[in-house]
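Shared between the two complexes below is subunit A, which pairs with subunit B and subunit C, respectively.
For the complex of A and B:
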């Protein structure tokens, strides 16, 4: 195994990635140029506004601003006057959300890993917990978020434990993040071959020795994709939670606020949209760094 | 820090109460103190707004900026915006805040649905600012023309004036198709609705800040037909200051309400006499402290101008006009929405509004030489693209 080969592969991967982004940009502008300005609607009854089904979206400047307009908007003042360029609050808001999502990710990973460990250790716990863990993910976030927020504000008002609003957001984010970790840890810890477990038994190794020397190393290929999924989920959870409990300062709230002004300033909401895309990439990328430190254990991991 | 202050206050009040109790034990003839104004004045209050910081709420931000709250003995006044996520009357009922700004029909609906008790202690907006805007070629110049048309509304309790105005024209909700609008005006501009809901001070300006592709200039008012609900039977009272009815029996809270209204009245008077500066104060508060992203300064000045027209109609500031209140209640009783539901089915409790506190505040201000009534002389605001 030489070092040159993976490096060449990496350069090619970056090239393909850049080409993919470029293709999306080209497709956007091509559709905007060729597509119908007012969209393509079938089944419309004349004289009845809003009837029919729109098959092709509108391409006018309100619905699809030009890419260069969206980029230029990033460098114009946010709210007129002497407010800073839009990119400044976008970056600030994205970093705020990233911090909250990171806390949510940590809580989610901790809870998920503990649940995975418990379920692997006791089969009864797996039977009892796993169905509930799956069901937990079917609860709509927008129903769940105000509940957490109101519990949080009651605890905060009681005065003994401070519970700032961002903590509610982090907990809601962790609620989405724990699921892939719990399942990933469970599957990972059960991954070692029977023959390896039997070998540990012949050494008279106890539960803890087997866990640290065999099960955890074997779990790494399952764990890394789970952590990456958890990071993506934490970001989505944090953005949605910000919007639904109305926390100020993050990218989700900024997106909603600017979208309300979309008629007269259609390029503005795309600023925070790009911000949240960058946010997701940074979050997933940071988790990929964990994988670098664990590369000795990553045999047989599916590329994800 | 805030908690330690609160804890200190709690300790102090417990000490005071036990001292009074002990004094009462030793000297049975001592005054009980409850009706003589013997209370610890409230110095910290929270006000819940119903939307993001913008000139619609200029009076409160001006009162904060100019120190009017401090003048009335408040050390700590927090103005909490909402992005639609916080319902002001719910926050007030839950005890999260001390006062709230909300539309009268929305609160009446909440009061009947939950059995909670709130009191309108000052009617800031005397007139309705709701419009139904349509392109001039759509043929919707009046409420009677709604029949068979697609009518946009924001929902969330903003729709009741539409149904009340229709009820007065003998139209029920099944004769029109009601579509939920988002908070941009794209539904109107893209032709997804025939007539869209808009506030004079906000969305109407947003439409007029858009370039008309046909002319290359901004849209002009003459491009549209505008139904003003103020001119219909559906007109309802909007921005009012609400207090917790049960807490008003507490002399400390009632006293705070009067002092709060004095500061707010002064704030709105300043906003009337200095619209440019008041709009700027609000805009600065919105862009700095609140992490909000308001539409630009020109839009805020337009809003200040329009809001002043709704507040200063000649009478005293903040007094609930019984005729307007009764009209709101009548409309609320008559309105039936697209799901066949009524906003309210019975008259609200008598405690739902009270002029006691605003009258006391106005009398005290008049004694200080402040003129608390009057008209507003509108200024000319020329809108720009995007309001910036």
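For the complex of A and C:
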């Protein structure tokens, strides 16, 4: 009974999720139908474009294409002629970015886990590191992305170690990904109850035995959300990094490119937008798969 | 001397706090013989749990000497001379009943086959044979506590330390487990140091009851029960049993209490 219940809850969660997406789609179309075609602008000076404050956005087909047009556009040729349907380059670009984000996620998880372990082991390290880790996340990604890129190209040009552009993107993505992992690992490793730590002490278990038999298993409920958050962050980081260092081939670059042609082909930028949404879902979903194998580590001790 | 499971001479414990030192325990002299069942009883703050933690080397004594089987407490802990059970079962929720019982064996490098054999024995000893593959959240509180006792017995310790292990259970389960514990203690021949705040529990289980008093925590009296080796349910209704309960109660309160049946 205790095992079947969460499945029902899961089905309900999926239902609510689908309903939420549907509501957004309906809201889009309803506003497009009811809203003013040229928007509602207050204080506009006639003859001066872009003046005034826009209170309601435009609903014409250029600003807000129909959802079915966006979907249909995915299956029309990319740029006329016999170029493949838009969905092909979108999927290719999304997969490229997914690969880079995955590398960034791995780097972030490794660095974050090490930081978490060190901070848990030595209180002094926690005092010294944790404030910097928090501050690190307030540095805007676009500020230091070019820095990483230039370091990368210098190293690459020196010739001893190859440093392709995608590695810079992965490292920038890892900068966002490591944070939830570092904090999650630290909290997770400190999760065991006093009684369990006492027990391990009575068994004369050392640091490593306690780590593997008690702290890590007890950390799992804190780790899974951290890993999922890291995956989402890695995707966002990779997309932003691609744009800010101008890497070709990924979904970030494609978004910017097609958005630039938005006025003549308004449904096109929605292709890579859907692509990046799918990308985030796939990334978070793959991490959720890790949780399936660790179900027993999410049990409570409370009596049935 | 090595016959003594516990030998405490002049043991004291002072905790340093911001408001100054707090004397938790002072001048404790106590011996527990091999195979003997000794209860520590007293109001909260009398240091009974502290004394148990000192014996277990979860804290270290500030003064005096404390020997477990003739060794310093720390050495006894490293040598795994005792098994311990707390008020909460403290089972690892991600391990099955069998996995929890085997935890100390696993930590000390016992082979898989030997662990399986031992788990079968332990499950039988505490009557949980059918529950070896269950998880703690699928068990009642009493069953969880039995797993904890089995885990404490896993390495056949000659000394069992128990800190109010039945404190969180209902009265029926409690009496049932008391009976089980006396049987298990007799079967294994282990000495037991048992912390409790229940007078009937202390009398029913023990060979000797150590009465303690707070501010500062100290031993005020040690009462032998002389109830013999057999502890059955019939004992709970015997006159000797009531007399011992009264004696312990008077020792706890410091003055004789007028009993209804003597008026």
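By our rule, the second predicted complex is superposed on the first by the 281 of 304 C-alpha atoms of A that agree within 3 Å, B and C clash if a C-alpha of one lies under 4 Å from a C-alpha of the other, contacts with A are read in each partner's own complex, and residues count from 1 in each chain.
Rule of thumb we're sticking to: a contact is a pair of C-beta atoms (placed from the backbone, for glycine too) under 8 Å apart; a residue touches a chain by one contact, two chains touch by 3 or more.
Note that the structure is a prediction, hence the values are computed from the model and not measured.
Enquirer: Report for A:205: first if it touches subunit B alone, second if subunit C alone, otherwise both or neither.
Expert: Touch status of A:205: second partner only.
Enquirer: So, A:249: does it touch subunit B (first), subunit C (second), both, or neither?
Expert: After superposition on chain A, A:249 lies in contact with subunit B alone.
Enquirer: If you stack the two complexes on chain A, which partner ends up touching A:297: first (subunit B), second (subunit C), both, or neither?
Expert: second
Enquirer: Should A:80 be classified as contacting the first partner (subunit B), the second (subunit C), both, or neither?
Expert: Touch partner of A:80: subunit B, not subunit C.
Enquirer: So, A:49: does it touch subunit B (first), subunit C (second), both, or neither?
Expert: After superposition on chain A, A:49 lies in contact with subunit B alone.
Enquirer: What is the contact status of A:10 with respect to subunit B (first) and subunit C (second): first, second, both, or neither?
Expert: It touches nothing on subunit B or subunit C.
Enquirer: Which chain, subunit B or subunit C, ends up touching more residues of subunit A in the combined arrangement?
Expert: After superposing on chain A, more of subunit A is contacted by B.
Enquirer: Per the contact definition in the header, classify A:121: touching subunit B only (first), subunit C only (second), both, or neither.
Expert: neither
Enquirer: Write out the stretch or stretches of subunit A touching subunit C in their complex.
Expert: Residues in contact with subunit C: 2, 193, 195-196, 198-205, 209, 213-214, 217-218, 220, 296-304.
Enquirer: Help me check something: in the complex, which residues belonging to subunit A touch subunit B?
Expert: Touching subunit B: residues 38, 48-50, 58, 60, 62-63, 77-81, 83, 89, 93, 150, 153, 157, 159, 162, 243-246, 248-249, 253-254, 256-265 of subunit A.
Enquirer: Which of the residues in subunit B come into contact with subunit A in the complex?
Expert: My answer: residues 3, 6-7, 52, 81-86, 94, 96, 138, 149-150, 177, 179, 182-186, 189-194, 206-207, 209-210, 213, 283, 286-287, 290-298, 385-388.
Enquirer: If we count contacts the way the header does, which residues on subunit C are in touch with subunit A in the complex?
Expert: Its residues touching subunit A are 56-58, 77-78, 80, 82, 84, 86, 88-94, 103-104, 106-108, 135-141, 144.
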